[in-house]
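In the two complexes that follow, chain A is the common piece, with chain B as its partner first and chain C second.
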Partner chain A sequence: MDMTLNAFTLYILTGLQLGSIFVLIALGLTLIFGTLGVVNFAHGALYLIAIYLAVSINNALGFGLALILVPPILFVFGVLMERGLIQRFYDREHTDQILVTFGLAIVLQELLKWVFGANNIPFAIPSWGNGILMLHDYLPFLEGFVVYPKWRLILVVVSIVTVAAVFALLHLTRFGLVIRAGMRDAEMMQFLGVNINRRFMIVFGLGSMIAGIAGVFGGPVTQVSPEVGMHLLVPSFLVVVIGGMGSLGGAVIAGILIGMAQSFTAPYINLNTVIIYLITVVILLVRPRGLLGAKGVFE
Partner chain B sequence: MTDVKSEKSSHTASGWSRRSVLKATSAGAVGAAATPLFYTQNAWAEDAIGNYPVKGSEVVLGFNVPQTGAYADEGADELRAYKLAVKHLNNGGGMLDTLKPSKLTGNGILGKKVTYVTGDTQTNADASRTSARRMIERDKVIMVTGGSSSGIAIAQQYLCNELGIIFMCGLTHSNDTTGKDKQRYGFRHFFNAHMTGKALSPVLSKEYGKDRRAFHLTADYSWGHTQQQSMQEFTEKEGWSTEGNIMTPLKTTDFSQYLSQVLNSDADVLVLNHYGANMVNSLTNAVNFGMRDMQKNGKNLEIVVPLYSRLMAKGAGSTNIDGVLGTSGWNWALEDEGSKVFVKTFTDEYGFPPSQAAHTCYVQTLLYANACEMAGTFYPPEVIKALEDFKFTGAGNGDTLYRGADHQCIKDILVMQGNSPSARTSDFDYLKIVDQVDAKTVDYDPAIFGGELGPYVPA
Partner chain C sequence: MHNQQSFWQLNKAVVLFALVALTMPLWFPLINGYSGLDTKIMIFCIFLVGFDILLGFTGYLSFGHAAFFGIAAYSTGLMLKNFSDNIIPAIIVAVIAATLVAIVIGLLTLKRTGIYFSILTLAFAEMFHSMAMAMLQTWTGGENGLTGMPTPMLFDIKMQGSAVFYFTAIMAIILFYVAKRIERSPVGLMMKAIKCNQTRLEYTGINARKYKLLAFVISAMYAAVAGALMVVYEPFVGHEFLGWHQSGEVVIMSVIGGVGTLVGPMIGAAFMLYFENVLSVDLGEQWLLVLGLIFMFVVIFMPGGFMEAVDRIKKRFITTADSE
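Our next item is the complex of A and B:
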């Protein structure tokens, strides 16, 4: 296939859009790992709960309510999950954490399949986000007719806004300052009289809430079926590893990198299937802590 | 004791009485008349193959379907059909009243009550083999049936062939199942990709014109590959050209990376060689990309889904499938006697009409049972011979031939079209029948796909 400017633009947009979903899921994963030190393999299942909630609310009451309700519900769910289960594993081995969260993911997935069936549930895109955008109207360097689905471009914007909000929260607020300090040295923070456990609970809820946002906007793109969570978990986890465990910036760069790699290798099935793993291997060989990983973390 | 002795001795002493001569003659006549039969029956009885001979008053069938994984809904419907088939085999009713010729009596198979065990293929070749092996070795099933994917069906077919157990394929549509991977112990009632291409292409060219450029997105496994080849072959015979084909990994949920390639090509038809969740996702993604409202080369861009199912159509939603053409093996709206009685008994039992997967699984179970009755034994080589070149009717697809050369059923198939949301009257009529293409039209030379059936008695 010729690499014209039109084709190149489509490749880039597709890469950005694929990367957006990875970034949104990896953001929650890496936030939870960075603060709590927990490898949360149930994060894909949180996304799954989000898309099922979103599609149910969207199809019954409209997209507006889905957008208002799903992220807070996921926040509460995340908090309950942290209090009920995850906190008991803070002092345990990473393998124990992985086993319990992976087990939870399977239970949640089968539960959703039991309730909603294994078949896909169509997610109707709201009218304002439906249809395609005539890119050639906005980008003069494109020749002829070049279009892209509006919803996927909205997803990219949502992803950028969410990333910016999380960065702002962590770097511009007092809450963020405490969290970042807690990430450095939780024990010292407790000595200073800060209830770091309560804040970590909120961080877990926040990670879960980002999965909620991803579910509301990503549902129509990834579709709503019980397998989706697991399918997204592996690439998202690799995004976290490539970016550096616990690094938000790393997750963003790695997410886009993986998205681009998938987009540009699409015509070549053999490469397309393994490209994520290939990139992971190369990066871990060259830089074991990941692109922006902190020294000594998972190195 | 003495009396008996004396009687015996007196009998011997008096030589042959008229009565004993008559007795001996009649016994000899019966024995002589039955001799050829005895020889054949002894021949079966001597060879234990698979789980033959069947001991006890019950015979066990193995239903190996996807109970978890992407095809779990289809598997659930298959299981419903199998249970219904067992009920009808033991108690009569259903297609037992319409299948012709039939030796089924509603009294089990060969007088033995039919029971069953179930397994989960997980839509995974290794899991399906493990499950089938468990049924064969632990539960002593005489026949295995099921599967909702060609890769899985082929894997089980090889295993069953090796172990001397007949495998009646469930829903599998790859040319390979009865082509290069065909096995003496494997039988497929469902149609295949080649027949889809043959039936669908003339309808496509009539509907969309002869000067069309197709771009294929293809699921990267046995079925997808053969489906793509067959669609390309037959659409090109209609005058279409093929712009490109991208193999997509089976686990893809977002097809945007592949759809961008289609947007960037000159294609004006998109052929989605995807099934199940794959097709639901790719079609929905394509609609999001505006491909149903787009014009290319001065024509409307069209989407084709070669293999359709009701469950897929429902998953994609009627707005997305409105007007999209494809093929199905069977549909509950068919009006023949076999279909009507099957739909009625299934609906009475479960409250909704059966899918095409349910239909093929139900018919396969009855055909196997009938073959045992015709052969008069469960001995697999004889049952296989009874199935080979068996011509029947009353099972929902008109006159059907179970072709002996490749174990493929040659029967009518349906060209389907997605119903618009307004045309839909229930939650089950997502698709409407556009054409019933007769068996003669979709028939083909079994030699084109190669493969060997192998011996009747496994090595």
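Our next item is the complex of A and C:
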């Protein structure tokens, strides 16, 4: 393939940026699935709430407040959702869990459409994140004049920091230890006297909060309209399947993989529309449990 | 005498459905239903009966049946436009096309548990949707949809107005009868055993995947007939036919009506279409919100849907009658 180093760098960056949003959505999905065993069809709607909150607060009070307020609000919303709704469905069939989260997704989407209208709402990027970055100033191997939108790079950095924070929480803290043990065998944790349900509630809040972070930084990139939630949910589901259901590492790798695949196929419009499905098909044929999926989990 | 009675017992539902369906043009306008909506209700009865063979019998929840509905609709449209205005070859080709796609998707998605199945059917349907919007645009018309079909003909009969309605209603009655036959056949029993306890079924040495695939493909064929009839009813194919809204609509209809009862989902379809087109006049844009709330209420408090409500009322009525 005839591709200059400049073009290659840009494709890589775009791949990372596309992957970043997938990773953030899929991380919450797979975290909730891994701990609670619930496939949350309303996760796209959580992102939707986040972008509408973020754009409203941003346009009225500034980006700083949006950043401070939206993730905690989403955390609380996630906890309430788990306590009020999801909790009732732990003993029901998976089909019922999917149905009720799907119903919630419709209700939330229609509510937001009612309040904010069906059209895209412009999301003004704060001045410090606006404009372009002169990549050739930082990367000496680039020839000539190479630029990239600053905000999209910020999105990548935010995504990396969030992923690192989640991994640190799960692997370096006692709370994380209990959660990881609960992912393996929740019943045994109950026998050991650990109130795993309370912690699962927090995990749901956490997954929701990650969607909140994704919304604050992703809103200007994905646009703010009622259809965005479902449009993001489908590739994010595929990221979870490709990475292995319930695997956080898998979600990160698969998210970046999908982002890269979309970025590098951009010049070939036909391939571009189907590439993520092709990858999914290959994974399903070659390694049905996903890249890092544990053996025996929902096989 | 005995045989006659058992024929009535076995086919009571089909006969009742036939009566209700064929007299629909007489009573439907009385409840403000406009002509044309009755045809659409019949089309979705076909879609929903087939969907219940999958969801109701095997318990596998597909979020991608719009794919078969849409593929059949596009095939029918293209056949009518380029081959012949006779609907018979068009419907046959449409069903074959959707069946082939269903076999491939079924083989890929039924490898693992129902969770994967729900996610992946949704994803593959979205793939066809984005293909129709982009790479196949010259065939599908992309955003604008497929238009310019001639008036569909059933040999010498113009398929318009009541001709479409009766054709569709008769198809619905036949296909409902077929579904009833499948339900009480050994194959239907196997499908229901999958929902009950798949692991146990497999331990008895039965290849559950074969029956899952069969249920999936049969339900896709019903969806295809519905999709084809949709184009006969109104010679237009929009990309929405393939979208997740369409798949979701079918799921909502099933659940509101009562999964696994065959009749329930048809009632769900009639209710939702009636709600969407007649009752929604007062609700305006918010009809889907109200419907979503009804749907959630049913899932949370009345998982058996409308049919469960009927059962509960019946039981209460019978017990009070007994105590008196």
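The rule is simple: the second predicted complex is superposed on the first by the 297 of 299 C-alpha atoms of A that agree within 3 Å, B and C clash if a C-alpha of one lies under 4 Å from a C-alpha of the other, contacts with A are read in each partner's own complex, and residues count from 1 in each chain.
Rule of thumb we're sticking to: a contact is a pair of C-beta atoms (placed from the backbone, for glycine too) under 8 Å apart; a residue touches a chain by one contact, two chains touch by 3 or more.
Remember, predicted model here, so these are calculated numbers, not experimental data.
Following the overlay on chain A, a clash is recorded for the pair chain B and chain C.
Shared-chain residue A:A181: touches no atom of chain B or chain C. In the overlay built on the shared chain, the residue A:P220 is in contact with chain B alone; chain C does not reach it. Look at A:I160: by the touch rule set out above, it reaches neither chain B nor chain C.
Residue contacts after overlaying the shared chain place A:L69 against neither chain B nor chain C.
In the superposition on chain A, A:E110 makes contact with both chain B and chain C.
Within the superposed three-chain model, A:T273 lies in touch with chain B and with chain C [touch as defined at top]. Contact with neither chain B nor chain C is seen for A:L135 once the two complexes are overlaid on the shared chain. In the superposition on chain A, the residues of chain A contacted by chain B and by chain C overlap at 110, 113, 269, 273. Against chain A, the residues of chain C that register as touching in their complex are 55, 59, 61, 63, 108-109, 111-116, 118-120, 122-124, 126-127, 130-131, 133-135, 244, 248, 251-252, 255, 285-286, 288-289, 291-293, 295-296, 299-300, 303.
Contacts from chain A toward chain B in the complex involve residues 1, 4, 6-7, 10-11, 13-14, 17-18, 21, 110, 113, 117-122, 124-125, 131-132, 146-149, 151-152, 220-223, 225, 227-228, 231-232, 262-263, 266-267, 269, 272-273. Chain contact summary for the complex, chain A toward chain C: residues 39, 85, 88, 92-96, 98-100, 102-104, 106-107, 110-111, 113-114, 230, 234, 237-238, 240-241, 245, 269-270, 273-274, 277, 280-281, 284-285, 288-289, 298-299.
Considering their complex, residues 68-73, 220, 244, 246-249, 251, 253-254, 256-258, 260-261, 263-265, 277, 280-281, 284-285, 288-290, 293-294, 311, 314-317, 320 of chain B touch chain A.
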